[in-house]
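Consider the two complexes below, in which subunit A is the common component and subunit B and subunit C are the respective partners.
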Partner chain A sequence: MKRLIYTSILIAALTVLTPVWVAAEDPDFDSILREIDDLANFSESDFSAVYTIISERPGEEREVTQARLFRRDLNDQFLILILQPDVQRGQGYLQVDENVWFYDPESRKFERTTIRENIQNSDAQNADLDQSSFSSDYTVQSWQEGTLGSFDVYVVDLEARSSDVAYDQVRLWIRQDQTIVLKEEDFSVNGRLMRTVLYPRYERVGSKIIPKQVLIVDELNDGERTQLTMTDATIQTIPDSVFSKAYLERVSN
Partner chain B sequence: MKTLLKTVLIALRNLNRQKRRTFLLGGAIAFGITIVTLINGFAGSFVENVSENFSNILAGHIFVQGVEKTADGKEQWRIADDDILLEIVAEQEMPVTFVSKRSEFTGALIFQGESIRQTVVGVDWDEERYLRERLVLLDGEFENMLATNDRGERNGIILTETIAEALNVELGERIIARMRTIAGQQNVGEFVLAGVSYDPGLFGQLSAYADLSYVNELLTLQPKQYQTLGIFLTDLGLIDQEADQYFEELSRRVNVFERNTEEEGENPVEALFEQADEETWSGVRYRLFTLNDVLSEVDEIVRLLNGAALVILLVLFVIIMVGITNTFRMIMYERVKEIGTMRALGMQRERVQILFLLEAFLLAMGGVLFGLVVAGIIMLIMSQIFLGLDSAIFILLKNGYFTFAVRPLQVAMNAGIVAGLTILAAFIPSRKAALMPPVDALRA
Partner chain C sequence: MSTRGGSARRRLLTAILVACAPVWMAAQVDSSEKGKAEPEPPTEVADPLMDDSLFEDPLFADPFAVGAGESDADTDDLFADPFAIVDDAAGGGGDSTAIGNDFIDVDDLDSLFATDEIIEEAPEGAVPVGSPVSDLLITEGVRWGGRIRGSVSADYGWDDVWTSDFGPFDPTSESLQPSIGADLFFDARPEEEFRAFGKLSIDTTTDGGLDIAGLALTGGDIDTSALPEGWTTEENDDGDTEIRDGTGTVIITIPADGAADGEDDEEPEEDPGSLGTPPGLEILVFELFADYVWQDQLFFRFGKHTIKWGTGYFFSPADVLNLTAVDAEDPTADREGPVSLRVQYPFGITGNAYLYAILNADAEPLDVAIAPKVELAVGRGELGVAGYYQRTLAPRLVALYSASIGEVDVFGEGVLLYGSDRVFVRPSRDQSAADADPEDDLDIVLDTFEVGDALFAQATAGFRYLKEWEDTLSLAVIGQYFFNGEGYADETPGLMPAAARLLANTGENGLIIDDPEAQPEGYEDPPALAFGDVTNWGRHYAGLTLSLSSILGTDLGITAFGLVNMSDWSGIVTPAISYSFLDRFSVSASARFTFGGESDEFTNPGSLLSAEPAEPTFGVTVSIAMPGGSF
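The block that comes next holds the complex of A and B.
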């Protein structure tokens, strides 16, 4: 009888405690990061959109840059074509494999650049418009639960796997109920906060969810901020010829 | 010979007879020669002065950089081990006065809402004493550069007055630097303004100077590593010869970039850097370039200056030639009777012409000599005036003084051109005088 009672208590305890133990298990952040990347990447179709980049600097007038982005994530290709302002119209950034080229129609020359370069005079980088790659570029160092506005979030600290990425350390605020990033803090190699990126609005494009509005706050220079707004997003097939130097030269003339 | 000497004496006497005219014509020639000699003299020292001043800015005459290329094609500049580089300097017994080791980055300097792009050069302040003599500080002291912050970092920075004014920063205030590591990652430096240097504003703004150890730390280089080895030679004239010998030995021992690969009109340093873009390699590959490579365009400026001087000389003398032709025509009419008498006394036509041409030649040579003396005096006076190391044209000066280098061959060429043109100008009037029948001349 005693044994039966002990067994019943043990079963009851296991029944009650197992879900608690399971619930206390760390979230699988590797898969969460992969999911974030998958949601923002277009591996089965092309993607193009127009981005309006508004840069504000203390004591200076707002600068508005408009650029059309063409992306073919399957082949690691992108092309950013500057539409505005008129003086920079026709300039472009072209990525083919590992190489990123900047084209200036005035000099009619291509210069090698990197995905980590800033777009024009803004705080936005080429990488901000390119496919997301948190899962392959970073490892999770630590995490905690928190809230951001009315959302429950995971606050996850990431560290770069190699020096190939612009920021050595990144902190992400990831919604718990939906795997999207609400806020990102980017840190320098020596651990200093350099910029805060806010993602207040997302848009569904095909089966993907990508930021419609991005606010980049420069943490080194008070009052310096950049806002990116995405419009005309589409997953229509882009002709192969777009991802070429010849196309940039042709459309810039 | 005796006849020629006599003709010379007559020519001199004739010139002396019309002192005012001779002085004016000779003065015009002298003026031309003075201007041209001054330009030639300035151009002659231009290369040397600019080279010397640039060698101070760049910290060397011969430069060696270590370049690594990562698997994904990115370049990283780093000299991790300089034993071989310095060994060769010693083995070759190079005439070296100083060796500099520097690292640098270009980034945004930020201060209270203001941001400006600037190259910051890391200098070993304990070793590079000469920079203190060259850099003119308007505010602050070099000793501030040796001070450390609470983390033990020597984070002082010297900005030019232009940059300091643009940032509106004052001594002791904190400046943020947004820059990239050698791998291209974002990093942030925190500097304290230790000094404000004079900005000559010519040939672009000077770099900002910081401590090598802190610049290395920001670039993620190890404390003993650096990016550029600069070798100062005892004499600028030895650069090419020493660089060739050094490169030959260097290429035997380590992997190097080929030199002299530039195409027509291309800067040699640009060509060298393009090689790194186009080629792949593993480990460290060294590139060597010289101050002469960096300043290859300066030779072009000198050629232009000398060309301009020649054009000025020709224009001036075409004007002077017209004057000489008219004057000698006048002289011929004034001396018609004298020519008739000389011809009647048996002087040959050729000698009459030679007499006129000799007068022109002696006038030219007198003008040249006088012009050279005047140019020499002006150069002497100008070279005594100390314009200061903070002069707006410091890059053209030597330690704040004008210097002039006149090549004898150039002077001879200028004198030859002047003599030739003067004789040419006097040729027609002299021929006319020689062909004049003595009877007509005496009757005139």
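The block that comes next holds the complex of A and C.
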């Protein structure tokens, strides 16, 4: 009788507690997305690096673009200055608050553009160099566990909160033991896979972790790929004047 | 005993239940997942690498597929901890030149993902303090560069489109126009605070060129001071007078006998052909300036340089600083700027304050034009307030705005002038000269006058929409409306052609008193018209361009442009098609239609200088852009 009572109590306890336990183990993806953003964003310092962007298209010569990035996430500011090729040297993008301008030294004009604009002729966008904002731009629609190579990952489907982002739907492969994104698929509003992004290398800059090498595969055009490589990363303080039209004009042709 | 035995059984049961719990929980998870309103994946989980033939190596078959708990040991070996954190990676973040331009070798994914170097440390010491900013501001020696361009255009024009004389194979004018040009620049940055820059512009001058028929100047010499800036007159080998625009293109050929080409009563002679004239080249110092920065706060620029002042695309009434106005038919053309001193002071996070001093030769110190401007980003827009003062010109206040609304960029300008720089015309009270004109060419005698004590307003607003559809099409639509408060509300028929006639015949001004003895005390000649006074005649204008490029992913592009004077409803429509080939060649064909009444602005601007009523024109241009590019 006692055995039956103990068994019943135990089963009842497990029946009641197990869902609680499971629920407790349910990943908090809002928190995970915030952590991803926090790891890649510099809210307490500036950030600067050089990005080498290699674009490959079938039947065309490989294009190499090099750009210097200055970022001050605290004020939502960035400046991207094209260093190579020589013919585009001096072109640049400046974001101040919610405004993004493209500067063309040929015409000496600042033209409004968007953070979604591709950098030169590559598949990389300004947003790829800007601060991460998964947690504020997207909501989690579903998730599942999986593996990627030898890693356990969460595969998380995100949906954009507004049309201001580059892609309406995003699927992330997030490493479970270290909150970094290993793979990303970007979809259009009608669910068409636009591009796949791989993050094979990261670099720790201060307390942050930034993708050091990124491979972007254009899913619409076979054989088109873009690779970003980050170098010269630093969190040195950047003079205020850098985030200004005056500086962009000054360093341009 | 029973207690001990019971305890053992409890432990055994607990162990069994605990052992089973993960299975149970997994079932709960599955159940929980099923219970969620999980949307279908946007598409089937198509691994991008699998879609790419470059990734078809069986070793890498679906390496990133979601395994949902499955793990292929062989595959995992290939990806053994590729994302492992290696905090002590040597050399990470070093010199950017250390990273070559080699693309990731997709055939060598094994080594790419098999290494342990994933999260590296960025050695701060590897980046010299201050170098990211200052390195960009200093160069060794002088950097040279430029851009070369060339084209050959064939132009055919008809100015009798809607008449019985129109013949599609008998154009009124035709010409072949070779063009070669280049921009050459130097850029020297010996110090972080100092920089010198110069740009030469080399362009073809037209010594053969295009004659516009339908001109019949009947009296008076051409007042060259009335021509637009940069326009010249020149006598050709036949003794005819050619009026050329700033690019050297012949706009009008005025025969020596006073009749314009094509207006002779004689039977036209058969075109015997021509060897033409080798085009010449002219070199223009387009920009030449020096920059100096004081304590990273004040940015000085002195010299000749293009000034970006307004926000308008087809029309920019706010921009009175550059030497030429925006050409609505070529709105992206480089515009020559004046010699000026600019002081720029960035403030706050988004603010910029500018002060321009425009300096002209042969002027007194107090003739310097002053133009301050303050601009500030507000939300998704940028607001600017500016002013312009030159003691001989109407002072003006300017408001500028540009913003993004969704995917559409909007822009606008507002200008308030006290007085006007325009010379206006009105019918003279004394029309006796017109009545007595023996050739009956002078329809209206006009008086000219200026307005210095009234307020004039100009405003413009427009939009720009750019859209790309997944590499199959790019669309650009730009539209703009312009309210020209200096335009004529007077709808007197023939007023504009009469003003154009007065432009070339200043002696016909109704207020001129030629006889010195008849001139009253204090008499001054009435103000003379300039070319700019007979442009922008109306009060309402609109421009629209629609461009489709990368059509179906090809190098084919189609553009349509329209410009209309909404006051007299005359306008210009220009459809064009272009195709790029052999990387650096492109061919384009465009047509140019005009429409409007016989005395309207855009019907046939070339005929405004004649006494003939304007007829709509039609022109076709076929052009091949030769290899060119930057270097």
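One rule holds for everything that comes next: the second predicted complex is superposed on the first by the 230 of 253 C-alpha atoms of A that agree within 3 Å, B and C clash if a C-alpha of one lies under 4 Å from a C-alpha of the other, contacts with A are read in each partner's own complex, and residues count from 1 in each chain.
Simple rule for what comes next: contacts are C-beta pairs under 8 Å (C-beta built on N, C-alpha and C of every residue); 3 or more make two chains touch, one makes a residue touch a chain.
Note that this is a predicted model, so its numbers are computed, not measured.
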Following superposition onto subunit A, is the placement of subunit B relative to subunit C best described as a clash or a fit? clash
With both complexes overlaid on chain A, does A:Asn75 touch subunit B (first), subunit C (second), both or neither? second
Scan A:Glu98 for contacts with subunit B and subunit C and give back first, second, both or neither. both
If you stack the two complexes on chain A, which partner ends up touching A:Asn221: first (subunit B), second (subunit C), both, or neither? both
Looking at the overlay, what does A:Thr229 touch: subunit B (first), subunit C (second), both, or neither? second
Partner touching more residues of subunit A, whether subunit B or subunit C: C
Would you sort A:Ala166 into first (subunit B), second (subunit C), both or neither based on which partner it touches? first
Can A:Arg57 be said to touch subunit B (first), subunit C (second), both, or neither? first
Hey, which part of subunit C ends up inside subunit B in the overlay, 19-27, 55-63, 127-135 or 253-261? 253-261
If you lay the two complexes on top of each other, which residues of subunit A touch subunit B in one and subunit C in the other? 98-99, 112, 114, 163, 188, 192, 194, 220-223
Could you list, by residue number, the parts of subunit B that touch subunit A in their complex? 72-74, 110, 112-115, 176, 178, 180-181, 183-188, 217-218, 220, 277
In their complex, what parts of subunit C are in touch with subunit A? 6, 9-10, 13-14, 17, 21, 24-25, 28-29, 32-33, 36, 38-39, 41-43, 45-49, 51-54, 63-64, 66-71, 75-83, 85, 87, 92-96, 98-99, 101-104, 112-113, 117-122, 124, 126-127, 129-130, 132-133, 136-137, 145, 147, 185, 187, 195, 197, 291, 293, 296-297, 299, 305-308, 332, 334, 344, 346, 349-350, 352, 377, 379-382, 402-404, 406-407, 409, 464, 470-471, 629-631
Any idea which subunit A residues touch subunit B in the complex? 57-59, 98-99, 112, 114, 116, 160, 163-168, 186, 188-190, 192, 194, 220-224
Touching residues of subunit A toward subunit C in the complex: what are they? 2-3, 6-7, 10-11, 14, 18-19, 21-22, 26, 48, 50, 52, 54, 56, 62, 64, 66, 68, 70, 75, 77, 81, 86-88, 96-99, 106-110, 112, 114, 141-142, 144-151, 155, 157, 159, 163, 169, 171, 173, 175, 178, 180, 182-183, 185, 187-188, 191-196, 198-206, 209, 212-213, 215, 217, 219-223, 225, 227, 229, 231-236, 238-246, 249-251, 253
